[in-house]
Amino acid sequence: MTLLGLYNYWIFILLLVVGLYAVLVKGNYVKRMIGLGIFQSAVFLLYITMDKVEGGTGPIMQGVPVPGQIYANPIPQVLILTAIVVGIAVTALGLALAIRIREEYGSIEESDIRRLDHES
Amino acid sequence: MLIAAGLAILVAMVMATIRGLKGPTIYDRILAMNMFGTKTVLFVAVVAYLYERPDFLDLALAYALINFIGVLAVLQFFQNREARQAARTAQAVPLSGGEQDGASS
Amino acid sequence: MMEMIVDGLSWLLLAGGGFFVLVGGVGVIRMPDLYTRIHAASVTETLGTMLILIGLMLHSGWELATFKLLAILVFLLFTGPVSSYALGNTALLGGLKPELGSQDPSKEGRDL
Amino acid sequence: MIALIGLVTLTLVAVAAIATVMATNLFVASMWFGIFSLLMASNFFILDAADVALTEAAVGAGVSTVLFMGALALTGEKEAIRSRVSWFPMAVLGVLALALFVATFQQPMLGDPMAPVHQHVAPWYLEQTPNLINIPNVVTAILASFRGYDTLGEVIVIFTAGIGVLSVLSFKPKRRQTISSEALAAKVRGVQHHSILRVVGKLVIPLLMLFALVVQFHGKYTPGGGFSAGALFAAAVMLYGILEGADRSAKAMPEKVMLRLAAFGATLYTSVGLVCMLLGGAFLDYNVLWPDPVVGQYFGILLVEFGVGLTVTTVLVMIFNAFANRPTY
């Protein structure tokens, strides 16, 4: 039962670490943005895991409200709903910067850019 | 029976993942992604009935419409790849490490 | 009586849909090259989808949800085969040769 | 049973994430990222978050794949392989993972109704939404009314990100020439030569736009709202750009108009709040908009969601047009 109850958190940790690995270790800027996307999704998963209530259903009331009906917690959902769209806008900004770097340096690898900066 | 259908879809998803991991060409990965899209639509539809919330079918509708776009974007990228590569090699850029646009794996 | 028939039919369709989805999944793993794999994936995209969604329609009865399911079915039947076509076309133009293995008996039945 | 299904989809999510990071071809990586977000959306749906799943589907599977493809066309798709990995980041990651893992054992189990997060303000929202706002979708009620401040901030962030992309891409490199006008033309042209794709795509575009409008204005009763509707509508424009050529989508949705509409959306949101203040209420307190407070809430949410949808749509369309029409240098 512990396995079922905590599995979501473990996957959250795995995604967080995998995303952070891409951001820290990979030298390619687009790859880093993808890693940042995975990192974001890990946080989304953590929040959405919190909203689930055993025996509950999505927080949208159908027709006549049934007394005693349990609903999932809507607050984490609101936070994540907005965060997803903000996330894609920020990712697009990062990609735009990567495009500009490629145009100026001819590469989006960090090692190449360091070398070119050093040479000039 | 709903559960059985849901499990069948899930197994097919696992199989698509295996195909995506194996490759070997990029096209196989596009195929895996395409299959995943359809499977997700069916999966959401079945789970909506498992949860007895058929009003959530809107989601499956959204997926069914959106799926197409991802695959088309990928294919467009592919079709222009040759033109880009030809242009890059014709006008070789003197900077080292600039030619990241390589052949397919 | 009528209800039982409809229920039974919906079960049958769902089971059949699940079966074809599985068959397609197995095909995507076992088939030797891309074009045959697309062929296998198409089974799930058309037949499996149709059976499962019609099964769900019978399950739900006359409701708004039935029309939504019908709309999903129509969209999937439009877009699924078209994206399969586009994929096959791109692969062919990209220079991926179909594997024509019948002349070479040693290749037959090999595991990919 | 559902828990078991969740277990399998979560495992697939993990596999997809690892495959995304491991792929050395960025094109393959973004393909895996698409699969990853589809799986993530299924997971959100299993965890009872229909609105979030709708947004993730529209953004993750549609918009983000298109934007990554647009960026990769400009930056190249091969990633240099690094042979040497320094130990320091790996040690940091290991310590982080271990610390978080130990901490999970103090977390409440999945679905525990006694978890602290369910005790404080959420029950009040669920109880009072039918009385105060009277719309079935509690998520929309909180998003647009109870926590309208937050959402205003998010809209401004999205608007700022859009401006940022435009200003970053407004620079043209001095030293280097455009690689070739032919390559640009091929890139902009899209898949025009595929008649089948164009016919079917054109069938899909109006339906997608209609569905986006349903999500926008019916979002009080079913999953949806300004954010998901904006992403869906932008996806429809992107589909048009892919099918008919990015130059034509840029002509249909010119940057100047889009920029003004984006600013208008954010301004609409703010001015609804200011009108509330002028009528004697607090900022974004829609009760004062109409003699009957519930009707006031209705109009307030309608206007605010419209502003959100407008800003999200226009920002995403602007970003797409900027990426797709940029020549390769």
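A, B, C and D label the chains in the order they appear, each numbered from 1.
To be clear about the criterion, a contact is a pair of C-beta atoms (placed from the backbone, for glycine too) under 8 Å apart; a residue touches a chain by one contact, two chains touch by 3 or more.
Keep in mind it's a predicted model, so treat the numbers as computed, not measured.
Shared contacts of subunit C and subunit D, meaning chains that touch the two of them, come down to B. Here A-B and A-D are compared, and the pair linked by more C-beta contacts is A-D.
Separation between the centroids of subunit A and subunit B, computed from CA atoms only, is 19 Å. A straight line joining the Cα centres of subunit A and subunit D is 12 Å long. Each chain gets one centre point, the mean of its Cα atoms, and the points for subunit B and subunit C are 16 Å apart. Once the centre of each chain is set as its mean CA position, subunit A and subunit C turn out to be 32 Å apart. In subunit D, the residues that touch at least two other chains are 48, 50, 70, 72, 75-76, 79-80, 176, 191, 197, 200, 204, 207, 222-223, 228.
The set of subunit A residues that touch two or more partner chains comprises 57-58, 60, 62, 106, 108-109, 112.
For subunit C, residues touching at least two other chains, in rising order: 75, 79, 82, 86. Chain pairs that touch one another are A-B, A-D, B-C, B-D, C-D. Across the interface of their complex, subunit D is touched by residues 75, 78-79, 82, 85-86, 89 of subunit C. Against subunit B, the residues of subunit A that register as touching in their complex are 57-58, 60, 62, 105-109, 112, 115-116.
Across the interface of their complex, subunit B is touched by residues 10-11, 14-15, 17-19, 21-22, 24-26, 28-29, 34, 37-38, 41, 44-45, 48-49, 52-53, 55-56, 59-60, 63-65, 68-69, 71-72, 75-76, 79-80, 82-84, 86-87, 90-91, 93-94, 96 of subunit C. Against subunit B, the residues of subunit D that register as touching in their complex are 1-2, 5, 8-9, 12, 15-16, 19, 24-25, 27-28, 31-32, 34-35, 38-39, 41-42, 45-46, 48, 50, 53-54, 57-58, 61-62, 65-66, 69-70, 72-73, 75-80, 176-177, 179-180, 182-183, 186-187, 190-191, 197, 200-201, 204, 207-208, 211, 215, 222-224, 228, 232, 235, 238-239, 242-243, 328. Interface residues of subunit B facing subunit A in the complex, by the touch rule stated above, are 51-53, 55-56, 93, 95-98, 100.
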